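What follows are several structures.
Look for chain A in each of the two complexes below; its partner is chain B in the first and chain C in the second.
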Partner chain A sequence: MTISLRSPLGIAMLVLTALAFGYLLLPILVVVAAPLGDTGYLAFPPQGLTLKWYAAALHDTRYLTALLVSLRIAVISAIIACALGVSAAYALTRFDFPGRRLLEAVFLSPLILPTLVLAVGLTLFFTRTGLLAGPWKLVAGHVIVCTPYVLRVSLPVLRRFDRSLEEAARNLGASPVAAFFLVVLPVVRPGIVAGTVLAFITSFDEVVLALFLAEPGAPTLPVTIYSAVQLGFEPSVAAVSGLLVLATLGFMLLYHLLGSVGRSRN
Partner chain B sequence: MTTAASGSGVARFAPVLLFAPCAFAYAVFFIWPQASLLAMSATEKAGFTLAQYERFFVDSYYWEMLGRTLWLGFAVTAITLLLGVPTAYLLARSQSRWASFLLLLTTFPLLVSAVVRSFGWMVLFFRDGLLSRTLLALGIVNHPVQTMYTMTGVIIALAQVLLPLMILTLHGVFKSIDRDLEYAAMSLGARPSVALGLVTFRLASGGIVAGSLLVFSLAISAFATPSLVGGARANVMATAIYEQAVELLDWPFAAALATILLVVVLAVSLAYGALLEGRADKEASR
Partner chain C sequence: MDIEINHLRKTYGSAVAVADLSVKVPQGRMLALLGPSGCGKTTTLRMVAGFIEPTSGSIRAGGSDITRIPAHKRDTGLVFQNYALFPHMSAAENIAFGLRRRGVGRAERDQRVGVMLDKLKLSGLADRLPRQLSGGQQQRVAVARALVINPSILLLDEPFSNLDAKLRESTGLEMSRLQREFGLTSIFVTHDQSEAMSIADTIAVMKDGELQQLDSASEIYEKPANRFVADFIGRANFLPGRITGRNDTHVSIALAAGITVELQASGVAGSPGDDGEVLLRPEAVSVTDAGPANTLKATVEQISYQGSIANLHGTLSDGSAIVASVPPDTLRGLAPGDAMSLVIRANALRWFGRRQQV
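After this line comes the complex of A and B, so read on.
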């Protein structure tokens, strides 16, 4: 550390950093802790201690149904975004053709487009053309939002990939397809997995497209929570949100753990 | 150039075949809908019209709303910079193994839906919530305050939603700046604070601008947090678009509002691109 943490500047930076972490974690802590309270309304810090709201949340079929809808849409969207993104990223890094840079810019451009603008456009589009039905409207929207994330993670990984490995496989008689699956894919897999996980999380958490495009009778989990929060403050909504936070924490730790196991094995 | 690109006709079309599915999906579900949105905002039965845009620009209500939206963007960017710069710097320079754990902790809120995080703030913001009681206890206010349904509330909540993105962007920037440059400046007699200002923050300024513009454009187009925490009383562009489309079913006007928001976001991105280019030119001419 160049800056002494005991100097006034160092102390100021430490204080601001501590504030930043407190600020980042406070609302998440509230969501997990508030439903532990024994009062009929949400309070933080919670008064009393009960698990009845968490138990109620686990038995509420509305949230369970919505969770399944969200998981299904996120899995389908992530798989499609992964297939589209990785094949496009391979074409963009492996070949040189006119318009390549423009195409890359277009493929990444949904990252800067406000999701709400995309949602309004897609809703009008689906109403006018009558294309797609059921959950597929939302999947189409999520694929457009998620594919840039897959591209952004897999493009640098594919660029760094040592092409002579692939050429060696080709010289030894492997077809281009075989060379891709046997040589390229195993090396770039961590990047592709990370991109797909990012796509899954983006779709799972996304609320704006889901508000516009989800099937009227089958809202996703964020939409269900959004509507319930707007209607009032039942502790069970907080308990569902709390469970979601805890599940996310578990998911993140597991991914991190698996990642470090994979790294140490290689 | 390569073995796969030369040779048979199939290989020549390989790149096209590979990006075609992605290009098709984008053409149908991205470019076409956005183009028809643009068209809808400027047409009526008689043909081309700017009536929807006129409605926006002659009404001071909408000017105020646009101003409120930009204010939200500036305030959120300022807060995330104030907290993000020191945090990212300390995490990037720390040798402690806690640094990687803290970085992981920074990404964690990003994985939690903005709806859930905004909800956490709502519990704190109500008149009898923790924030009001803390301010009362500290003697800063002498009657309970309602932060819910105010712009202040939206700013506090949205800055928390976007802070991780600022920290992660800046962390990458600070990591890429060699710390030896700071030592060099100090060995030449600069005080640590001067070395930090003249060397590190100067080199990081491009990344700081990038992070700020990212946070700014996300802040002015955010919907969930303004809608939940701000409600009808803190109306911004995003909530107005939703209201026009879903509640009032005025799609042409919603389309015009969406186009205006899009133009603002694009202007911010172009300014960013121009800034980067100008910087590159300046470096090159040195």
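After this line comes the complex of A and C, so read on.
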């Protein structure tokens, strides 16, 4: 059914859509614009116009250090989650073994388990056993919450994968391992990349586990922002958030640009 | 390299996919596994390719047992029903895949891929991705990919089922030409009897995991081993009847349609009093003015023209239906409702006793 945008119904839908987008996007605009104000506190609309809070955020080494910690932990967690999630998804789709459904449910359960419960449990576990040190405690925690995202995205992709492609590779002389890396992986790569990006974002954004498990001297960016907000709301904190929004926007533009280049080449 | 399948069996729990199959394919010959879906033909092919492990029995190629050898170490080229081209590789990369796996160097690889592209009329399409190729072109890439590795055994899984009718015939003939040219021993799975008959040297008709008949196309068509084979291969009329007499040379069978026919005694198992059916191929019937013997009275129900022949559907005096394939010029203005006389060729009849029916 097509509805003319000039009809009353069409205009109503247009207004509703605009309101929905406004509701979703305006807060982000506030985050980016508020630190431009020249006041010592956050105000919107900003009064006066200055870049000093942005400059302060960029010069504050606490944020930069925390950003590097976050990036490092998110990258490592995402890579491990990717390897675990894809392997698990492959096994769950390829082999029929007793308890397969139960295992799938267990793999996906961290998605519904409150992170706080997990954080407390892991803290107790690491304290008691003395296992893992430094950033690896947090990486372990993040891998637990990130793997289900990779699994969730790769499962349907691998399930839809045409198994005759794998058999064709075997028939042409590829060992099972070679067939996986030369044929299965390249074909399902978009799904796996999407899952891994999701895992990266989840780890990068995560606060609760990071509060409990991060190294005392090396908090992640979300933890640093969280503490700064608790101590006193300086506009420079908002500027950090604004920078993150701008960086995300930049990445998305770059991704679309590269994506369209890739498409036109084919 | 010849293939020898011995007492091959595959079961899934209590379900029997292949019951007890023994077939030999001599070097350079093509065997068609023919049957309706679920008859075990594809399972058999996949066991030869190494994708399914047999429950029992053995598969030998060139004298050596390959039953437990993993798929990637078998010397077989397989053309899949859906072609299974790698979507992320160009036509040339698809064809080169098997050569890379075998460690063939770049120069030789390029040369051999080029030869295959030429042979299958794919030159100029080397850099296309599979989705940029038509169905027929994809099929040829799949064939080239299977042939370029010089396999000693070529396996074809319904390779023409996704092509339209015209392309199917020309591709089939091309396929059997290539198979002869490369001297390949070949197993070909199909549910289409005309495909099997046109290109295979030997046909194995299967049903419910059991081999029904293993013979040349003409033997299977003219001397079907049982009613299932007769019905599955070509079109068939089955006329009910009873054996009324038997001597050293001939057997007399009284048809329910009112006449008695004489069959060679050697082709009939059964004794007087046995009930059964007589197989009558539609093309063994002709329209005529009432002849002396072997003439059935029938009423015309419908006539469908097929161009070179016409299929004449009629009803016999006992109410059973009959189909005759006759040259259109012999119809002489017959129309539905008319009475007609049909002469049947007695030497083309086959008897299937009731007990023999499967």
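Note that the second predicted complex is superposed on the first by the 234 of 266 C-alpha atoms of A that agree within 3 Å, B and C clash if a C-alpha of one lies under 4 Å from a C-alpha of the other, contacts with A are read in each partner's own complex, and residues count from 1 in each chain.
The rule is simple: a contact is a pair of C-beta atoms (placed from the backbone, for glycine too) under 8 Å apart; a residue touches a chain by one contact, two chains touch by 3 or more.
Computed from a predicted structure; not experimentally measured.
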item	value
Partner chain in contact with A:23 - chain B first, chain C second, else both or neither	first
Between chain B and chain C, more extensive residue contact with chain A	B
Touching partner for A:186 - first (chain B), second (chain C), both, neither	second
First, second, both or neither for A:34, with chain B first and chain C second	first
First (chain B), second (chain C), both or neither touched by A:159	neither
Contacts of A:174 with chain B and chain C, given as first, second, both or neither	second
Contact residues of chain A, present in both the chain B and the chain C interface	167, 170-171, 176
Contact footprint of chain A on chain B as seen in their complex	1-5, 11, 14-16, 18-19, 21-23, 25-26, 28-34, 36-37, 40, 82-84, 86-87, 89-91, 93-95, 102, 104-109, 111-124, 129-130, 157, 160, 163-164, 167, 179, 182-183, 186, 192-193, 195-196, 217, 221, 223-224, 228, 238, 241-242, 245-246, 251, 254-255, 258-259, 261-262, 265-266, 269
For the chain A and chain C complex, residues of the former touching the latter	162, 164-165, 167-176, 178-179, 182-183, 186-187, 266
Residues of chain C defined as touching chain A within the complex	49-51, 70-74, 76-78, 80-82, 84-88, 97-98, 101-102, 129, 145-146, 149
Of chain A, residues touching chain B in the complex	1-4, 7, 9, 12-14, 16-17, 19-21, 23-31, 34, 42-45, 83-85, 87-88, 90-92, 94-97, 103, 106-107, 110, 112-118, 120-125, 128, 131, 140-141, 143-144, 147, 163, 167, 170-171, 176, 201, 204-205, 207-208, 211-212, 222, 225-226, 229-230, 233, 237-238, 241, 244-245, 248-249, 251-252, 256
